[in-house]
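The two complexes that follow have subunit A in common; it is paired with subunit B in the first and with subunit C in the second.
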Partner chain A sequence: MTDQKNNSNNIVKNIIRRDDVVILQIVGEIDMHSSTELRGELLEISQNPPAQTIINMSEVDFMDSSGVAVLIEALQLHRRNSSQLKLVGINQRVRSIFEISRLDTIFEIYDSEDEAISA
Partner chain B sequence: MTEKTEQKPPIIEVRALTKSFGSQQVLTGINLDVYEGEIMVVMGGSGCGKSTLLRHLIGSIVPDKGSIKLFNREISTMSEPELNDVRKRFGILFQSGALINSMTVGDNVALPIREHTALDERTIEIMVKIKLELVNLREHADKMPAQLSGGMKKRAGLARAIALDPQILFYDEPSAGLDPVTSAEIDQLIIDLTRKLNVTSVVVTHEMDSAFTIADRMCMLDKGIILKVDTRREFELLRESSVEKLSNQRDQLIRQFLRGDAEGPLTRCKEKSNYEEDLLERV
Partner chain C sequence: MDQQHPSKNLIELKINADPFYLCIVRKAVQRMAELVGMNEQDSDSLILAVDEALTNVIQHGYGGACDQQIIIKLRQITPGQKEPTGLEVIIRDFGQQVDPKTINGRDLDNIRPGGLGTHIIRSVMDKVEYTPQPQGGMQLHMIKYV
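And then the complex of A and B:
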């Protein structure tokens, strides 16, 4: 069963529920304003966590340290619920913020949604 | 580094900046460009005007004449709210570290985030850990500033300066009051953070070892006038050249300062002063 919700907000483009997977497609820049919105969505997902949450970031141009912090909090909540949080389509600019924070190995990062789901 | 960065428009652009305090002119016709991603070291002796220049760049002093652009926006005519908006985009490491003594290190780092954003406390807590890890202080988050060494205070001040992910970092005498080893550690941290965070750094210092370690380009000030802006390599060549080969007094003066020599145009000025006449006049 697939349930797709088009989001009217700025940063969350789509939330797709597919069986026990939630795919969150985000766009634009994750900065100290927009990261609050991302956190809200991730907390909502974390309340009733699927087996896997995939965050597709292929349309994210920029992310600052507040974005990293929000993703870490979501990862904590998923791990606490024995569910998985995976990131997809990270460009070099965004990857470097993980590397700077020495957090590039803490997240599972994949090239495509399909690859992430089957991993 | 420098050739590449110079192709981009400057992130800081100072033109014909002039400032007097009372009858004393402290800056005269300053022109300076700083390019994205570079470390610009502003150096000069005590009272040369370098701290006054820094205070102009951070918008705490308004020039008498001239223009100061940050991120291509004129800051000298900005209102306080506009200026605060620009201030969120740069961080400052003050000479003293400027930590609030009644707050833990972690709370000091969190302070600008709490003040300038509406982020949740949980997000801020994680951000603070990330910032402190970058300066190797994460395990000291719960300590009070009084429990830190001089070098640790500087690092904590640096963690606070980068709290809001700034694009420019200003450093006011970062090595002041530190022993040589700690000073070298701070130099390395300035280089690492500039490269890792892809920020632009402006460092005001009179410590030549530090200047030559960290600079991509250097700016030499004396008596409120810029004597030279050039690459570190050019300043190194000037420092190593023999005084006989330097035809003009300006280069001789810069060389003396760079080498820390007691003899040269800087000290010759004092010899020429009218000490005897002055004494006799007053008798």
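And then the complex of A and C:
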């Protein structure tokens, strides 16, 4: 069963709930201003986390350390609940901040949602 | 030509210390990086460093007080005997002063949210210098060469 929530105008474009997977599709530029919305959604999901949360970032053009901080917090909350948080579709511009911060190895990063779900 | 039009290679932005304006500054930095001939990868790094520096000012310098002012100067460095082409960025705030010796990136092995901004700035810029100002506040002087 799939449940979908559409958010227009916001950084969180879509939240798709499919069985025990939540797919969060985010768009635009994630900085100190916009990361608060992403944090709110991820904290809500983390309160009762599914087996897998997948964050599709293929439409994210920019992310700074505010966004990275939100993702680290969510990852830690998921791990505490023995659930998985995976990232999908990160472009090189966004990937570079993970590499500079040496965080590219602590996140599971995949090319597609299907690949992430089946991994 | 630049000597005849000295203002051509310098822009100055004044913004409130509100994260809402970060996207506008990023666009200005991107355009200036294009004008000095920076490649896309270096331009992205420069944009990230300026964004992180402003985020630090908003968060730590002003403690989130959005009505305070930040001045950003972007200046093209033309090739000369001493320096190659590049972009100089000066960020001036009037917030809390900090001893520059204490402005260091955190231990990256300690995985936790926050505290990455300074590490990122020092990693991607060719020159980074924090200076407390006699009239109050701090000035950050950064350079990225092409």
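The rule is simple: the second predicted complex is superposed on the first by the 117 of 119 C-alpha atoms of A that agree within 3 Å, B and C clash if a C-alpha of one lies under 4 Å from a C-alpha of the other, contacts with A are read in each partner's own complex, and residues count from 1 in each chain.
Convention: a contact is a pair of C-beta atoms (placed from the backbone, for glycine too) under 8 Å apart; a residue touches a chain by one contact, two chains touch by 3 or more.
Everything numeric in this text was worked out from a predicted model, so none of it was measured.
**Student:** Should subunit B and subunit C be called a clash or a fit once both complexes are overlaid on subunit A?
**Tutor:** Partners clash after overlay.
**Student:** For A:29 in the superposed arrangement: first (subunit B), second (subunit C), both or neither?
**Tutor:** The answer is second: A:29 touches subunit C but not subunit B.
**Student:** Scan A:66 for contacts with subunit B and subunit C and give back first, second, both or neither.
**Tutor:** both
**Student:** Is A:95 touching anything from subunit B or subunit C once the two structures are fitted on A? First, second, both or neither.
**Tutor:** neither
**Student:** Quick one: classify A:106 as touching subunit B (first), subunit C (second), both or neither.
**Tutor:** Only subunit C; A:106 stays clear of subunit B.
**Student:** Once chain A of both complexes is superposed, is A:17 in touch with subunit B (first), subunit C (second), both, or neither?
**Tutor:** A:17: touches no partner chain.
**Student:** So which positions on subunit A get touched by both subunit B and subunit C?
**Tutor:** Residues common to the subunit A contacts of subunit C and of subunit B are 32-33, 64-66, 68-70, 72-73, 96, 100-103, listed in rising order.
**Student:** Within the complex, which stretch of subunit A touches subunit B?
**Tutor:** That would be residues 32-33, 35-36, 39, 64-66, 68-70, 72-73, 96, 100-103 of subunit A.
**Student:** Provide the residue numbers of subunit C that touch subunit A in the complex, in ascending order.
**Tutor:** 19-20, 22-23, 26, 41, 44-45, 47-48, 51-52, 55, 58-59, 108, 111-114, 116-117, 119-120, 123-124
**Student:** Please give the residue numbers of subunit B that touch subunit A in the complex, ascending.
**Tutor:** 113, 116-120, 122-124, 126-127, 130-131, 133-134, 164-165, 196-198
**Student:** In the complex of these two chains, what residues of subunit A are touching subunit C?
**Tutor:** 29, 31-33, 62, 64-66, 68-70, 72-73, 76, 93, 96-97, 100-103, 106
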